[in-house]
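Per-chain residue numbering starts at 1, and chain names A, B, C and D are given in the order in which the chains are listed.
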Amino acid sequence: MTAPSITVSETPLVLYTLRRADDALILGHRLSEWCGHAPMLEEDMALSNMALDLIGQARELYGYAAKVEGRDNDEDKLAYLRDVRQYRNLLLVERPNGDFAQTMVRQLFYAAFADLYWRGMMGSTDATLAAIAAKSEKECAYHLRHASEWVIRLGDGTDESHARAQAAVDDLWAYTGEMFSVDDSERGLIDAGVAIDPTMLLPEWLSIVSHVAREATLVMPENDWMQQGGRDGRHSEHLGHLLSELQYMQRSFPGATW
Amino acid sequence: MTAPSITVSETPLVLYTLRRADDALILGHRLSEWCGHAPMLEEDMALSNMALDLIGQARELYGYAAKVEGRDNDEDKLAYLRDVRQYRNLLLVERPNGDFAQTMVRQLFYAAFADLYWRGMMGSTDATLAAIAAKSEKECAYHLRHASEWVIRLGDGTDESHARAQAAVDDLWAYTGEMFSVDDSERGLIDAGVAIDPTMLLPEWLSIVSHVAREATLVMPENDWMQQGGRDGRHSEHLGHLLSELQYMQRSFPGATW
Amino acid sequence: ALRAQRFQARIDAEERIEPNDWMPAAYRKTLVRQISQHAHSEIVGMLPEGNWITRAPSLRRKAALLAKVQDECGHGLYLYAAAETLGASREELVDAMLAGKAKYSSIFNYPTLTWADIGVIGWLVDGAAIMNQIPLCRCSYGPYARAMIRVCKEESFHQRQGYEIMLTLCRGTVVQKAMAQDALNRWWWPVLMMFGPPDQASQHSDTSTKWKIKRFSNDELRQKFIDATVPQAQYLGLTMPDPEMTQDAQGHWRHGPIDWNEFKQVLAGNGPCNRDRLSARRKAHADGAWVREAAAAYAEKRARRQMAQAAE
Amino acid sequence: ALRAQRFQARIDAEERIEPNDWMPAAYRKTLVRQISQHAHSEIVGMLPEGNWITRAPSLRRKAALLAKVQDECGHGLYLYAAAETLGASREELVDAMLAGKAKYSSIFNYPTLTWADIGVIGWLVDGAAIMNQIPLCRCSYGPYARAMIRVCKEESFHQRQGYEIMLTLCRGTVVQKAMAQDALNRWWWPVLMMFGPPDQASQHSDTSTKWKIKRFSNDELRQKFIDATVPQAQYLGLTMPDPEMTQDAQGHWRHGPIDWNEFKQVLAGNGPCNRDRLSARRKAHADGAWVREAAAAYAEKRARRQMAQAAE
């Protein structure tokens, strides 16, 4: 009977891996919500493609987290049987899709980070994470290119698309700081060379994002207050609704194999 | 462990009662989705009020269905632990809220029926159903009045509201026929005087609805093809999503008391 | 100046000021600001609880929650009506809120993440609101005082309901009890901030006190609330998320330092849900525009038709 | 007339007709209609399966389903491209579909109610599609035939995946097996209708056969499909929802009467999901209009800037 939530022994490495897995799954879920509803068929394809990449990353990361934890959890239990307070993803990735500009700006902010992050993680002393990084970096580089092109098109397109893109940048900006935050549980992994220090990535991330914004004729926000909480399971109200959909089957059919 | 779906012994009277309970719960759920998001505060109040009436009706009906069934089911098990194929509500009530016109036209179509229906059921030979009917009829009479007033305002308001109201009538019309359908399992109850024959209500329903439409300067559709299926659990895709939200807690915390 | 003296004398004599009475412009302004903020809080406050209506874990709880949120909407309506007696229109007040110019209670900028949050909101948020509002039932401005009497009655019902949700969780499974503790941990400090900044930092209190709009200081009310709440938490078997909380010789429970920077940030628009709350209200308002226009157009048409009939 | 004879001679010789070749207007029209209907079916077909992406019961299934729906979108794109070689623009074809003037496969007007429906769609709907499409790989019109080769390859992968979902359900719990049977019960008859009306009632077959667009009759294909499917159902341990189904002396499984009135109703717009499907596609199209406009505006700006630079 597996319908109730599982418990996870969150050692630093398990927690670290889960956080990245949750980022990938939740963002993949959001992108997959577009499937069949995108502004053009080419974007149905592209958004599904990115969603697939992210769900693939999530699966590898969950698998590794389960292995490191060494109990009887697995990728599906980790994805489907943790409640909202056990989810560890960034607040950014759970933001609702909104309009296409919101989706693409969210993707730009995340992919610009993820590409740098995974590139750095290719040098992790943890061989599994390094291998996941090598694959993920390639995928995120494509996501970044795709999102950048769209943000530029929207920002420098029509008055309406410009206004929507600027609103998206303004709305999502406060959720970007969490990507660069480090807590005590991660500090040790950074010192051990298992993880990289994300604060080191900030200047390059800013330069990439600013460059895209400039091309897109968009203004970077000056507000520097950053929201935090996702990494500790303090989410927005949006995540609970997403999980009620994501987890419905596993919650309703305890112990079944699919 | 109660997270998996229950089974229900659907004798004619249990099934009959469940069908009406499901109508009330699902429509109440839809109306409750407006709470905090209505076009004006007075409508937040009115929509919540109608939702409350309907959830109250659902609770009495589920309670009675559980009692008649005589197993260990109760109102919450019946509401939260049946899957989409076990739900017996009309397709009409699961239609998404859409805009305010869709919600109000749906309410008009249902309440015009429910008011007549419960008035008839006050004469049921089943004392419990007759008592529920007496209370429900009063509530539905108010729902009908409220919905009629709005449909008239919208239909005879601005060009935009007229177009939206007409679109709602056109979209929802095909879901009205199911209210007047009778299957074999209900035929016996009708013969026994437990239930009334809904086909008898059609002329008066048509007259009420046509009168409102005329006042509202709306045109009644000529399409007379009617959708069926809800009574047998053949729903639209919308219901599954509604249930994943409605049932999430009970599915995720098997056996807990709230 | 004579009118001002006479006005103050009436206040001092505990007389009620009514809409048509003369009043100082600053008194009117203070009241409009306070009453409308209060009204906005009721309306925005519908959102965090409304978030759980569709997911309430039993039909009984669903009905109670829906009724509660509906009550809050009703409170918003009385309060806007009270503000309107001072010459402010509901429309302009709402517009100021939607534009982000008028405040609402900072507590509603926190998210409801689990069902236990619904319990905690009833127990603590409504509990704190009642503590703030009971003295307002004797406020010098009649319409506000009368609205508060009605609001307080309903709020104390909500408060009991919330406490009962907590009690059920705390007597439930281990997971339910943990959920209750977690909700208390997240809400406790923001609830203490509901009483406003510490007395030495508070701005409006002096004139509000003189005008008998405010009868107790922020710190006094906060202390009353804590003293009432700690025994309730103990009865539930929950731990106060304040390691410095101790009972003093007079029996008062003394709290540790409050993070006023968090409060300032939430007021500045940086709480976890400020954007989501405003955008939800703006969306409801924008999506409903055509409905309100239709209602107005219909009312006008109807009035014209009746005039025409009367003229025949 | 001479050209028409030469054209028919090429067809008879199993030569491929290519976009720049002369062809009869009716041949062109028939192909545009058929290819675009096929493209619309792929696109509308994304919706019933897409309905389960967010609720797929395991991550592996979620990824597979997402990839599958993406493939369908890809098929839609090749097919629109094939139709465009005949001078029809994707935009006008899509507009006709959104306006309700062009058809898509009636099967997609049925709802996916449970996860088992995803299995059945892969197993039976894709299975029936393949049965229809394999002969089209030898269709006389080159671009269509080539698109079909690619589509068929992917579809047979989907079909195996669907069957494997069914197998897992049928080897799962009692509830899972019941879910599989229920899905088969609901989809079986609509799937049989995918092959179109019985031969004696079919309209387009004669010329289509002559032009080698169609190589088998509806009833022939339907029979092939049933003969292939019944043993698969038996292997799953599922019961065919047709009490009259019997095997004849030649080993063919003969079905009971099909309710062609249901088929007619679905084609007339009265299927369970016709309105929902069209409105979902219309909404996507309308909501995306500003995006497409932005992309066009940007492309134009960019081209202008490049021209200006080149001129310097």
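Observations
Please note the rule applied: contacts are C-beta pairs under 8 Å (C-beta built on N, C-alpha and C of every residue); 3 or more make two chains touch, one makes a residue touch a chain.
Each chain and its UniProt protein: A, B = Phenylacetate-CoA oxygenase subunit PaaC.
It should be emphasised that the depicted structure is a prediction, and the values quoted were computed from it without experimental measurement.
Here B-D and A-D were compared by C-beta pairs in contact; the pair with more is A-D. Mean C-alpha positions place chain B and chain C at a centre distance of 34 Å. For chain A, the set of residues that touch two or more other chains comprises 4-5, 83, 244-245, 248, 253. Those residues of chain C in touch with two or more other chains are numbered 55, 175.
If each chain is drawn as a node and touching chains are joined, the picture fits none of the line, ring, star or complete shapes. Touching chain pairs in this entry, ordered by label, are A-B, A-C, A-D, B-C, B-D. Considering their complex, residues 25, 29, 32-33, 35-45, 48-49, 51-52, 55-56, 58-59, 62, 75-76, 79-80, 99-100, 152-154, 156-158, 160-161, 164, 245-246, 248-250, 253, 255-258 of chain B touch chain C. Remark: chain C residues 43, 46-47, 50, 53-63, 66-67, 69-70, 73-74, 76-77, 80, 115, 165, 168-169, 172-173, 175-176, 280, 283-284, 287-295, 297-299, 301 touch chain B in the complex. Those residues of chain A lying in contact with chain B across their complex are 1, 3-5, 83, 241, 243-245, 247-248, 251-254. Residues 4-5, 83-85, 171, 174, 225, 227, 229, 234-238, 240, 244 of chain A are the ones that touch chain C when the two sit in their complex.
The residues of chain C lying in touch with chain A in their complex are 48, 51, 55, 111-114, 175, 182, 186, 265, 268, 270, 272-273, 275-276.
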